[in-house]
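Going in written order, the chains are labelled A, B, C and D, and every chain counts its residues from 1.
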Amino acid sequence: MKAPRGTSSQFASDNWSGICPEAWAALAAANAGHAPSYGSDDWTTAATAAIRSVFETECEVFMVFNGTAANSLALSALCRGTDAIVCHANAHINVDECGAPHFFSGGAKLLTADTPHAKLTVDAVERLAVTPHDVHSARPRALSLTQATELGTLYTADEIAALCDQAHRMGMLVHLDGARIANATAALGGTPAALRSFTIDAGVDALSFGGTKNGLLGAEAVIFLNPLAAVGSAFVRKQVTQLSSKMRFLAAQFNAILDEGLWLDLASHANEMARELYSRTSCIDGVILDGPPAVNSVFPSLPRPAIEPLRDWCFFWDWDESRDQVRWMTAWDTTVDDIERFAEGVRAVLAAPV
Amino acid sequence: MKAPRGTSSQFASDNWSGICPEAWAALAAANAGHAPSYGSDDWTTAATAAIRSVFETECEVFMVFNGTAANSLALSALCRGTDAIVCHANAHINVDECGAPHFFSGGAKLLTADTPHAKLTVDAVERLAVTPHDVHSARPRALSLTQATELGTLYTADEIAALCDQAHRMGMLVHLDGARIANATAALGGTPAALRSFTIDAGVDALSFGGTKNGLLGAEAVIFLNPLAAVGSAFVRKQVTQLSSKMRFLAAQFNAILDEGLWLDLASHANEMARELYSRTSCIDGVILDGPPAVNSVFPSLPRPAIEPLRDWCFFWDWDESRDQVRWMTAWDTTVDDIERFAEGVRAVLAAPV
Amino acid sequence: MKAPRGTSSQFASDNWSGICPEAWAALAAANAGHAPSYGSDDWTTAATAAIRSVFETECEVFMVFNGTAANSLALSALCRGTDAIVCHANAHINVDECGAPHFFSGGAKLLTADTPHAKLTVDAVERLAVTPHDVHSARPRALSLTQATELGTLYTADEIAALCDQAHRMGMLVHLDGARIANATAALGGTPAALRSFTIDAGVDALSFGGTKNGLLGAEAVIFLNPLAAVGSAFVRKQVTQLSSKMRFLAAQFNAILDEGLWLDLASHANEMARELYSRTSCIDGVILDGPPAVNSVFPSLPRPAIEPLRDWCFFWDWDESRDQVRWMTAWDTTVDDIERFAEGVRAVLAAPV
Amino acid sequence: MKAPRGTSSQFASDNWSGICPEAWAALAAANAGHAPSYGSDDWTTAATAAIRSVFETECEVFMVFNGTAANSLALSALCRGTDAIVCHANAHINVDECGAPHFFSGGAKLLTADTPHAKLTVDAVERLAVTPHDVHSARPRALSLTQATELGTLYTADEIAALCDQAHRMGMLVHLDGARIANATAALGGTPAALRSFTIDAGVDALSFGGTKNGLLGAEAVIFLNPLAAVGSAFVRKQVTQLSSKMRFLAAQFNAILDEGLWLDLASHANEMARELYSRTSCIDGVILDGPPAVNSVFPSLPRPAIEPLRDWCFFWDWDESRDQVRWMTAWDTTVDDIERFAEGVRAVLAAPV
């Protein structure tokens, strides 16, 4: 399935959204004359400092263009080609990256479990990470978690800490895919302390810090909370073609949203809009929803005959076709008006005789 | 050697420049609400059409973030891991990409010649591309040329045609690294017909079409003039993490500079400024320059004691330390005032007693 | 778990066996003076011809050192790094090759199903090979089956034909891991025609033809029944370091066992010995076995306290620890005496008070 | 150029030779019943101990099938994909391994110098290993030397020590391609102490210890004199498909030739035969030879019209066609009779009117 060329939709994905005003202004300000390339500029220095300040540690920071790159670069630092990566069956690295983690790492395997709510458990990790035969099996050396998960659920800080403990005990380092880490942080307290509670305090070694889905043009950061894991990654980023010559334009955007907690305000708004979307659609006859969303997506099951007409009117993706389940997402720029209009459309299509 | 953090300079590199006003306006216009991701948007459709119109052929177009990615993606399509790529010793793919072509292609070798003026010759290609021993040697399957070259020189259309003929005769496909293809086109006639004369008409199979050094934020296009060579590259672009989710922002910029030949105007200006720089500095005592530049760089040899003081004042890179040779570049935004000021500085430093 | 250094056992694995007398004699005969290296010798020509004669087709043949290499070389020819390989969860390529298929192919994913009896079904293939999202998912391009399976079960020729049909319909080519293809052939009719019925006649494109487990020193052949799939594999074999300089010693062994059906006699004997082992141990109190073996392995569940004492006496591998299930294998050289002695040992250990 | 299928020749290459009687006897002795697979056998334990005893250190030992594998496995341990390997332009890893070092290492570059006599110099290493630009260039992390070289020349122990010092000073580890290390050792003193003088004492970190060209069936050992460099290589050997299931047959051969210095006797004989070949052919009119050979090859220039007739009669390879230079090699089994017959043939062909 592919979005029809030229389609527009407010609820298809948070990566269909544009650039937030503050990031835009920062881009404009950065676009003044010449500046050193490849990260030797003041914006990059400032963004690195801002991220270190949020995490209260001298982490290593590598800005890249997108989330697949962030995940693959992080994982290539945590394991080598003869190793295995433990992750959930729904993980973006397993289903949406066209084998990039295998490629970047030089052959690492993925070991997956399909535990409920798209969340791995300590038991599942323990089971997956046992290597039976000597050198014949890839060694599990990295655990990759997604926060918020691909299903819009959240791990508590304690759950991540327990998973990190288990992983470290078994000789693995831990990666967190934080494409929507701002949404998770907003939902779990909305402060840098909340962020630290489920990352550095919980024992995460490296994370992908998402910006693209939260109002940036296309900018993510790989953050090595465990700086030892970063050795050599500057060269790897270059080799995998993720080193931007005009790095200032990535960095300036991060500076903008890290300033005064804007990144959390944007994500908090998206989360709130998802709750609004839930409250305005869960009451519609035919819409089946489990409960209010934790972050910025809802996954309704719909009457099958209604799905295509509704999608034709306002595009969205399928989630689980076997259950007629689809995904609606909100973003930093979703408005109550958007939701009202959309809910009315849903109501109309579902009310129509088939 | 590394640019000191925070340094600024008008003559260090064309990739130190910012975004041209027209590309900026296009970004602003594209930043309106939601749009389909990963290239299913109207801007991408339009950019592809614009490029096809320039080349007057149904080429395959893949926009990516930077030049190293463009080169490696193109080359990975022209050869496989057991093959070899013939290129000049000065080629960016040989010296400035940290092994990316080896990595993307799964192990392809580079076979290099250090022929004069950074230009390969038919003889050199013939000599390099002979494989002596059966399966023991990587098979030469791709020839990679750079236009304009890393030394600011140009191949004529006839020279490229002869190189393509030789390559095709020997079973190779031809890639053109066009990080500065606009400067080359401007210098060789300044029309789409001039561009076609040394690319599609000459027999080039795939090229990297540079935007970053010509006023864009960070956008390049891999263009398969030989569409058969592109089979599978959509998947490869994803796997190597060069598929932008917010593709419209790459495409919009291309649309802006492809409109009414702006890309050629910008490059033509940069070239003119290099000639101006040449004429204002070649007459300075101690500056040794071979002749007026073909495109947007000059490579003077300077008295050794003057190099560091001059660089401290206005940063530039070394080219050949053994000859005290450095590189000064102009860009789309260089002004006559910039040059005047710089030339005065050069004069002052060279006149100073050591 | 690792075999204790220096242990000996007749039932641990068929790859613990030595070289059969006929292969040994062929090695001796080949060891006469000098011969061209890297396969330009008469033995290699003859072995290739012998294999073509068995399959009654002009297949491409590449002899290699071991089964992991054979599988990885074959699969690297059937798919590229952005593709996916469908296989059973028990497949050797999934659990016992330390990521070699990912590595050789440059990043291909494995998509696995855990269907009963270690046998894939048409339904499972259909389900696994559906790619949901455009370029974001690796494309399923190869189906890999094992015959006989890792669990000692067999596909019928019709089952393989149906799986090949399904695979081809979905755009995949089919690989058969035939590390124990001789045992399978012996069990399914014991003639070259039987072999062809579940390989070339069924639609298999490439297969790994095992010799190591059937009396050879360490020699397997990759056989491309679909010769188009072999393009470039001569170079790949060299690059992945599987081209033997003294190829005659691999080829001579194949010539020996392909002569007058010896390969089938050896495998047939191993299969018969497994049936003997079954009949002499299934009657022992505490030994749980499902039914007589199809090829040369039995998978009994044993009383847990008996496993380690028995293993200490005569080493064997665990199969499924959760069910106290172990694996006993026979080989081309197993004798009825060996089995009698072993059965008596099993009886003694199981009869002992814990 | 390819050896005509079925050709025989005593002087084409030492890898055209067979298995020496002692290795053959050891194979026969090892072929007794079952033994643990994948190196958990007594022969492998003994071979490792024998090698450690020769080097007088607790080195890590990995037996593999061939020299390309040994080199690539060793190098993949000394550097990663973003690094560069410094070697001579004539190095086997550069010209005869079809990109295997690039592939195994995940993209490492080769930096080559074409210094005289196929020997690298400290100056050349210093020049090659300077990295100009930050993360844009692959970092030189490994130096690979060949001893004896591909041109049959030798480094003295002092020369290797100086090269190792230079390499270590520049942050590189040192690999020695010892495909013909026995010939080198025989020529440099003929004792284990001589071997140690140009390997462990000189500072070499890892080496490929050749057996195939010295009377073995196809067996080489990667020896990590610096055991830290070996971390993870057990898994890499498996993934790159160089782990033999019937390892005892590799190990038994090493045991045979390491016993009582047989490996040196065999190589010493081959060297002596090359000197005999030199003395019987250098006096023939038209044969141009520089001086007596250091090891087991001579590289004569011949009158061009004589080369093909001579090759048709007794096959050999070209070395440098531009100089009409060919290569004749001796082996462990070359006899004075062989040489006499060959020298007569040379004399006859060169005396014939063209």
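Things to note:
Basically, contacts are C-beta pairs under 8 Å (C-beta built on N, C-alpha and C of every residue); 3 or more make two chains touch, one makes a residue touch a chain.
Note that the structure is predicted; figures quoted are calculated from it, not measured.
The chain with its Cα centroid farthest from the Cα centroid of chain B is C. Two chain pairs, A-B and A-D, are weighed by contacting C-beta pairs, with A-B ahead. Centre to centre, using the average C-alpha position, chain A and chain C are separated by 42 Å. Inter-chain centre distance (chain A to chain B, centres taken as mean C-alpha positions): 34 Å. With centres taken as mean Cα positions, chain D sits 51 Å from chain A. The set of chain C residues touching two or more other chains comprises 2, 81-83, 97-100, 103, 106-107, 134-136, 138, 235, 238-239, 243. Those residues of chain D lying in contact with chain B across their complex are 1-2, 81-84, 95-100, 102-103, 106-110, 132-138, 318. Residue ranges on chain D touching chain A, taken from their complex, read 38, 80-83, 106-107, 134-136, 138-139, 232, 234-239, 243. Interface residues of chain D facing chain C in the complex, by the touch rule stated above, are 2-10, 12-13, 15-19, 24, 27-28, 30-37, 40-42, 45, 64-69, 72, 97-100, 103-104, 212, 217-218, 235, 238-246, 249, 315, 331, 333.
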